[in-house]
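Look for chain A in each of the two complexes below; its partner is chain B in the first and chain C in the second.
== the complex of A and B ==
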């Protein structure tokens, strides 16, 4: 009986160390943003190589994205985005580190759609701010689709809009996150 | 009993360990999210594909048409009567097209000598960081066509006499985010030269650069040293200094120069003004980029 207990304990501890099935990740997630003010000129960019890792056990969720990886329909817009607005040579990366605050409500073992409240710190242009969003986690066949929409203000991240383009660029940025997470290892 | 305690201890320890691990873990490092950046091409060495007079290290991007209107006014030292040169203006209107990432071409026409010009520009080496070469090398080949009526109709005039060609290498580097420098060895061939003393093949070495003053404003300058100029016609080496100002979709290049011409043939062989005497002109270039084909995703 006692021996059985020890074996059980060892087995459990071993499994909890090597059992990494509770982490999910992607390196090809998508972030889309738009801050269009005038209908004449759409200002929007897409990045298709977003890294995201979700630890289903703790609810920890992290994103990383290379700012240079944002693509625009117009080359000049892309140049301005990198050179004048986010200054990607100085601040090459955008990052989010946070938690799914209602992680207990999500059953990662069972297929279904769950509402996920996410809260954490977003770093862009060298400035870190708290952000909060309510997204969706869809569990299907051991994979997770993570979607969220939220807004940030350019002024919060020290990104200023010159007066000449004030009527084209909105201070409010709509961000759409779309990641298909697969089990890590 | 002791063994039970040990078992519990192990259980506690293991659960405790994993708990700690999860709290402090940098999840991104598990998937290499924090690995060193890969080889990356260095872009945006200049705000435009020209320094002021000369071709720059930069390319017009694929699918982009760059509409360029270049103005040079008269001599600033002509005084208030000539409105400091603004009464007289020459201009060049041109279109540049970005074909691929490393290939572009452009055409233009100047009011001076009613001259057409065109060029092809190819990037042989693209500066990159984290591996690759720390400089770029580009090759430019161009030609000009003087379309003035023949000055002397009594003699036999050949169409080829209207033509001149030039070839240029541009070797340069965006040394820091703020400083770009380039050298431009150039050869210019004129089919017809004005006098016996003028070389048909003129060699020159140019230098150009920019200093970025802020995100949207930079200081630029370019200069050519001519190796074998006609010593007797009073022409000078061309020098331009200016400021690039970027607004939404336009780039304004405001500058002072002693060169009247806005193509390689004219500024190398017909720059008669002298900086030392204050014979300089005010000029500005207005550039507007149009995306005529969507960027490839």
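== the complex of A and C ==
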């Protein structure tokens, strides 16, 4: 009887440990983008307050990024980005909701680098589109580094480039995601 | 002839002045907020509640103006430094919740941030970039270009 109780207690504690470590998160992830067309002027911005949650059990992955949090070198560029392009006062948040489709291939309990195929819906400027990308999940000491590089088209998200700056801004945007996820306790 | 010279100098002055101000505007840097007076002072938990109760109204209040600076006072829950040396000061929302105000620090003020200590109260000045609520992670208000507010 005593043995059974001990086993039960051990089983319960083990399950609670695995439950608490299923989810990983950050509120200080980084997203960098650039859509430079002319070598004379770099168009790039960085956001260091990206929220990301990864459920290692289901492979569900979510990102939330506040458009006004993108920082540019020049103040004028930042103002144009917010006011004329992404209209951050109308559409403050960009979101991604998706899944690691090859989640079964990733051993979250073992240190290593794993290729992660991610698929889901990306919402920017009030427009939602399906996106797919291959990234990297690096497991180290109970933490996960999530990295991905992918491209989107501004025209897909109803963001138009005025003809006057057509030679400066590319319709193709290169996006780099860099998040260090910690276990959610 | 004299008339021509006058017109020519006049046009040159206009072009040069225009060019000067155009260039100045084009290369303008973002203002260091430590010298800017905050338009509003608020406790971290009150700011979070404002966004929780009506996110749209709060977005309308805080987001549209680029130069609307606020001062948020709260207990330091964490001071985070990422692998590129960027700091975020996390102010506690209501006790017992994961809710917070995340102040991304103006990197020219990193030295001052290092003197801060967890558990103490601080006032941070910054620009609100928005709000995110999650059933697991709680509610967070985000500030950018943050600096320590000094009286």
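Definition applied: the second predicted complex is superposed on the first by the 167 of 185 C-alpha atoms of A that agree within 3 Å, B and C clash if a C-alpha of one lies under 4 Å from a C-alpha of the other, contacts with A are read in each partner's own complex, and residues count from 1 in each chain.
Note that a residue touches a chain if its C-beta (ideal position, glycine included) is under 8 Å from a C-beta of that chain, and two chains touch if they have at least 3 such contacts.
Quick caveat, the model's predicted, so the values are computed rather than measured.
Participant: Residues of chain A touched: more by chain B or chain C?
Facilitator: With both complexes superposed on chain A, more residues of chain A are touched by B.
Participant: Touch test for A:162: chain B only (first), chain C only (second), both, or neither?
Facilitator: first
Participant: Quick check on the superposed pair: does A:76 touch chain B, chain C, both, or neither? Answer first, second, both or neither.
Facilitator: Touch partners of A:76: chain B and chain C.
Participant: Once the structures are superposed on A, label A:88 by its partner contacts, choosing first (chain B), second (chain C), both or neither.
Facilitator: The second partner, chain C, only.
Participant: Which partner does A:131 contact after superposing on A: first (chain B), second (chain C), both, neither?
Facilitator: Once the two structures are laid over each other on A, A:131 reaches no partner at all.
Participant: Identify the partner contact of A:53: answer first if only chain B is touched, second if only chain C is, both if each is, neither if none is.
Facilitator: Touch partners of A:53: chain B and chain C.
Participant: Pick one for A:184: touches chain B only (first), chain C only (second), both, or neither.
Facilitator: In the superposed model, A:184 contacts both chain B and chain C.
Participant: Taking the superposition on A as described, I'd like to know which of chain B and chain C A:30 touches: first, second, both or neither.
Facilitator: After superposition on chain A, A:30 lies in contact with chain C alone.
Participant: Once the shared chain is lined up, is A:175 touching chain B (first), chain C (second), both, or neither of them?
Facilitator: The answer is neither, since A:175 touches no partner chain.
Participant: Once the structures are superposed on A, label A:149 by its partner contacts, choosing first (chain B), second (chain C), both or neither.
Facilitator: Neither partner.
Participant: Could you tell me which stretches of chain A are touched by chain B in one complex and by chain C in the other?
Facilitator: The answer is residues 23, 25, 27, 51, 53, 62, 64, 66, 68, 71, 74-76, 78-79, 82, 89, 92, 184 of chain A.
Participant: If we count contacts the way the header does, which residues on chain C are in touch with chain A in the complex?
Facilitator: 25-31, 59-60, 63-64, 66, 80, 82-84, 86, 88, 90, 100, 102, 104, 127-132, 134, 136-137, 140, 142, 144-145
Participant: Inside the complex, what are the residues of chain A that reach chain C?
Facilitator: Residues 23, 25, 27-28, 30, 48-49, 51, 53, 62, 64, 66-69, 71, 74-76, 78-79, 82, 88-89, 92-93, 180, 184.
Participant: Quick check: in the complex, which residue numbers of chain A touch chain B?
Facilitator: Residues 2-3, 5-6, 8-10, 12-13, 16-17, 23, 25, 27, 46, 51, 53-55, 57-58, 60-62, 64, 66, 68, 71-76, 78-80, 82-84, 87, 89-90, 92, 95, 162, 164-165, 168, 184 of chain A touch chain B in their complex.
Participant: Using the touch definition from the top, list the residues of chain B that touch chain A in their complex.
Facilitator: For chain B paired with chain A, touching residues are 3-4, 6-8, 10-11, 13-15, 17-18, 22-23, 25-28, 30-31, 33-34, 37, 40, 43-44, 61-64, 98, 177, 215-216, 246-249, 289, 291, 294-295, 297.
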